[in-house]
Amino acid sequence: MSKIDPMILRVRDVVKNYGGLCAVAGASLDIPRRTTIALVGPNGCGKTSLLKTIFGLQRADEGSIYFEGESIDELQPNEVFDRGIVHAFQFPRLFNQMSVLDNMLIAARGNRGDRFAGSLFSRKKWREQEETMLQKATDTLKLMDLTRLTNEPAGSLSGGQKKLLEISRAIMAEPKLLLLDEPAAGVNPVLAKKIFEKIEMFRHGGMSLLIIEHRMELVMEFANWVYVMDRGKIVLEGRPAEVAASPLFYEIYIGGEPGGTDICVS
Amino acid sequence: MTYGLLMNLLDMVVMIGIYSIAAISLNLEYGFTGLSNFGKVAFFMVGAYTYAILAQAGVNFGVCMVASAVSAAAFGFLVSLPALRLREDYLAIVTLTSGEILRTIIQNQGIGGGYNGISITQIFHFQTLMAIRLANIGLAFAFLGICFIFSQLVANSPYGRIMRAIREDQTAAQSYGKNIQRYKSQVFIMGSAIAGIGGALFAQYSAHIEPGSFLPFLTFTIWMMVMLGGPGNNLGVILGAAVVQIFQKSAAILKDYVHLPVDPINVQYILFGILIILVLFYRPSGLLKESPVKPPKLKEPVNV
Amino acid sequence: MAPIFASVDVRAGYSDIVIVDGVSLEVEAGEIVAIVGPNGSGKSTLLKSFFGFAQFLSGKMFYKGEDITGRPADKMISSGIGYIPQTNNVFANLTITENLQMGAYTRSDRSQIATEIEGIFEIFHELKHRAKSFAGTLSGGERQMLAIARAMMGKPSVLMLDEPLASLSPKSVEGILDKLTLVRQSGTALVMIEQNVKRALSFANRAYILVEGKCIMQGPAGELLNDEQAKKRYLGLGT
Amino acid sequence: MANTPWAQILLFSIQTGSVYLLSAVALTLTYGLSKFPNFAHAEFMTLGAYTGFFIANLLHLPLPLTVLVCILCAFLVSGSLGLMSYKIIFGPLLRRGSSLIHLMIGSMALGFIIRYVIIEIWPGGTQSFTLPWPEASNIGPFRIYIPWILPIAAALVAGVSMQLLLTRTNIGRAIRATASNPQLAMASGINTGRVLLTTWFLSAGLAGMAGLFIGMKASFSPTMGWNILLSVFAVTVLGGIGSFYGAIAAAFIIGLAENVGVVILAQFGLASDYRTAISFVILIVVLLIKPEGLTRLFKGN
């Protein structure tokens, strides 16, 4: 594909099984550039599994994934990261014994000192680079109100702060596409709203987002498009208001028996 | 007797220098990167035998040292190929086994004299034992200094930050673009090279080495130095090496000079075991805590 | 009548993340209580914290009038409170019969067990012909069935189930609900977590609605079912 | 060894396999439940040999009785030590959430403590039993000597008893249940703490028995357990950690590989010291190609 793909990410018929149980049963979705896409659905419907598959943390059993028109199915997470996708975990996976700042600097791209030879022989160069990175890290931390914790070990943060740091760290990596797994879970509603406002700011800066989120008021306010997942399949998509008004959506969340088979056994 | 004691003391200082080098090498692997190398003695042994064989062939000291580091690094690379893909418990078993197999090979294939070992002419030929020991102290600490500075430079750079990140959470490190396989392999090679230098100095100083000098207990001793001194802190592991060495030498001296109902060497091993378990329980971070990587200061102060 | 099981002002979570923030719950003997709420509302954490599988931060628990706060999981089970986790709720490497035997682990009347397993197979006849297969070979619906059968072997007075109907096909859902009705008829009270409000409320006697770790509504299931306000707040659409 | 007839090599393989079976089934039990390789397992074996040695010198009973008492004592002494080591060291460390590496280091430390206590009590290196075994005799193509046959018989008895224990008794099923799903085991009212204590007792006890048989076969020293530990690890990994049947199959595979391998190596003029190298190669290959070992072949354990 020579022309620029209008979709930054295309997911086609992805299937992922765990042992005999099927987590993702042929899901497809598209993410246009500079949009916030919400992925919603009941517990255990395969959302987190889909996100992990996109990021290369696990291999899809079937289907394909294209990022900016190129297949990324076979890539390791670090290679997916290099392409420009960043994944923030649902339960923060911080480097607990390292300072908040170190956690941020790890995410920075293109540091000369990341390489062995560079760390020893280009000391001056990476020190200069780190000054710029430091500026960016402190700015981001400030935005997330973590400034006063800059030098604390990440492990000593409270639950909500860890969540904020997980997201800050992802932003530090300047993703083209950011995958967020429940950014608002476990944080109070005021903070959750704040997180989303900041995310919105980054979208205006050119980032695309795929967010798993349960709080419909946040989805309504911030998402441009919603995919609803149920039992491993995308069953509904549309604008937030359309989805929220759809009877099927109510069926899935609140009641009724949407069609479908038992957990597929392979 | 006082002369004897003094010589023992000097001997101890030399050994502190040599073991500190080994401890620094394990600290790179375990302390900073979280790799469970339970076969440290193998890399130490490769360095020692390379040095011994080359020195016997009349090769110049500097070349011997470089060759020891390189051959240990090569062996490290070889072991790292299969081993670093594995879980940490498997890595421990495989590295441990490599050391044992290597020792078997050296014994049975008659490498460096097989079971009987190999003698090495020392590089210092002074009149008195005291002068020789002092010179060895200088030599060991010079190399310790080099290894220490190297290790500090690596550990306190963005590279070192990644090493720590791999230790804390491999998946998260990989999710932030780090090719963890490559980093682990590089660290393993670095650690092996430094262990090789330690081994070479050990061979040079001991004047005679044999397979029996490289038992798994040596690995355990080095681990003890790191655990006790403080994983992730290079000064800490040197302190650990000193404490363990003082302990070990005291037991040996005690055995020579005092008659006890129990063998102090045995008691020392037993106490080592107990000490390590106590450290695991009450001071898992060791005597000295890890220091964070220092980024350059911002030119303008941050307004909090 | 005094409740058979009660929790008072429970706060629970993981390490320092508070997920359940002050939930009080009462269960009468023989009734079906549903705990409903959207994803991440803390339903599952609440149940887990009762057994110490999530951190029980503060609050009290009572069983048959006795304070059981802080009792270890195995003691909770042996005193008559059964628990079925949402996932991994069978011993995959044990046969179905062995799974049932593990369910009766805490009982002292061992001689009865063999005959009771026969009895259980009468109710859960779907499992009978596979008695000797490993539980790991069962499908999702069958696993859930076995999990319930296993828990019933312990003769609990209260059985707590974490989303027993999640990701099941409509047919399996019906099958499970049938069995749960039988369980209830045997006198065991049920505490059931369910995301699907309509399904839960039409099955339960009473219900608690959890949103963001707090109980926002409670009452007889029938009343909640027709409450528009409840529906809105449940989805986070109302105020 | 090069001229040993193949029938005899087969017998030796079965005998080696039997010893590995005892030791590896034991190791896999704690490895599967506590999730770390216990390096002190080596010393549990050594202790079994020395306990038997001590008892045999103490007693003046008919040979069969002596052997029986030795086995019992080796089992009980090593077993009790295993139980205590879990209660005092590993249990508390696991509850504190110690890392895998810390647990391994802790088990190595414990191993050194036991080893040097043994050296302190029985100084002087190699020891051997002075039991009045009947002379070796030829039966068919085999040359039979009681100390060679003993481990085979013991492995058979222990294997069958373990099988019965694990499938027919409540505690045995609880052990398997805890290995399969610890949280659900707790949610079934199983006191998992007690289950773990039991497995550590059983595991160390069996290791003690294995050590005793190695000791009876020839001479033994304080490093005896350590010397075969690597083979035992190879068996455990090949069998698939925590798999009972896998460990049994793997024990005989490694036993055969080592005995046949040594003969083949001898033809190339290589020493029999390389037998550990054979299991090492198998270990590496298994870890790289099939890290789950033989478990898939034996589903359900």
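Which chain is which? They are A, B, C and D, in the order written, and residues in each are numbered from 1.
Just so it is clear, a contact is a pair of C-beta atoms (placed from the backbone, for glycine too) under 8 Å apart; a residue touches a chain by one contact, two chains touch by 3 or more.
Computed from a prediction, not measured in an experiment: that's the story for all the values here.
Q: Going only through chains that touch each other, what is the minimum step count from chain A to chain D?
A: Shortest path length, in steps: 2.
Q: Counting C-beta pairs in contact, does B-D beat C-D or the other way around?
A: Output for the comparison: B-D.
Q: Take the average of all CA coordinates in chain B, do the same for chain D, and state the distance between these two points in whole angstrom.
A: That pair's centroid distance is 32 Å.
Q: Averaged over CA atoms, how far is the centre of chain A from the centre of chain B? Could you give it in whole Å?
A: Chain centres of chain A and chain B, defined by C-alpha means, are spaced 42 Å apart.
Q: How many angstrom lie between the centres of chain B and chain C, each centre taken as the mean Cα position?
A: 55
Q: Mind pulling the chain B residues that touch 2 or more other chains?
A: Within chain B, no residue touches at least two other chains.
Q: Going through chain C residue by residue, note those that touch at least 2 other chains and give them in order.
A: Only 136 qualify.
Q: Two or more other chains in contact with one residue: find those residues in chain D.
A: Where chain D is concerned, no single residue meets two or more other chains.
Q: If two chains touch, include that pair; go through all of them.
A: Between chains, contact exists in these pairs: A-B, A-C, B-D, C-D.
Q: Using the touch definition up top, name the residues of chain C that touch chain D in the complex.
A: The touching residues are 51, 53, 72-75, 77-78, 83-85, 88-95, 98, 101-103, 105-106, 110, 134, 136, 150, 154.
Q: Per the contact definition, I'd like the list of chain D residues that touch chain B in the complex.
A: 36-37, 89, 92-93, 96, 98, 100-102, 104-106, 108-113, 115-117, 119-120, 123, 226, 230, 233, 237, 270-271, 273-274, 276-277, 280, 283-284, 287-288, 291
Q: Taking the complex as given, what residues does chain A use to touch chain B?
A: Spelled out, the residues of chain A in touch with chain B are 55, 57, 76-78, 81-82, 86-87, 89, 93-99, 101-102, 105-107, 109, 111-116, 118-120, 123, 126-127, 130-131, 134-135, 138, 147-148, 150-151, 169, 173.
Q: Quick check on the complex: what are the chain B residues that touch chain D?
A: Chain B reaches chain D through residues 30, 34, 36, 38, 82, 85-90, 92-94, 96-98, 100-101, 104-105, 107-108, 216-217, 220, 223, 227, 262-263, 266-267, 269-270, 272-274, 276-277, 280-281, 284.
Q: Quick check on the complex: what are the chain B residues that touch chain A?
A: Result: residues 153-154, 157-162, 164-165, 168-169, 171-180, 186, 290, 292-293, 295-296, 298-299, 302, 304 of chain B touch chain A.
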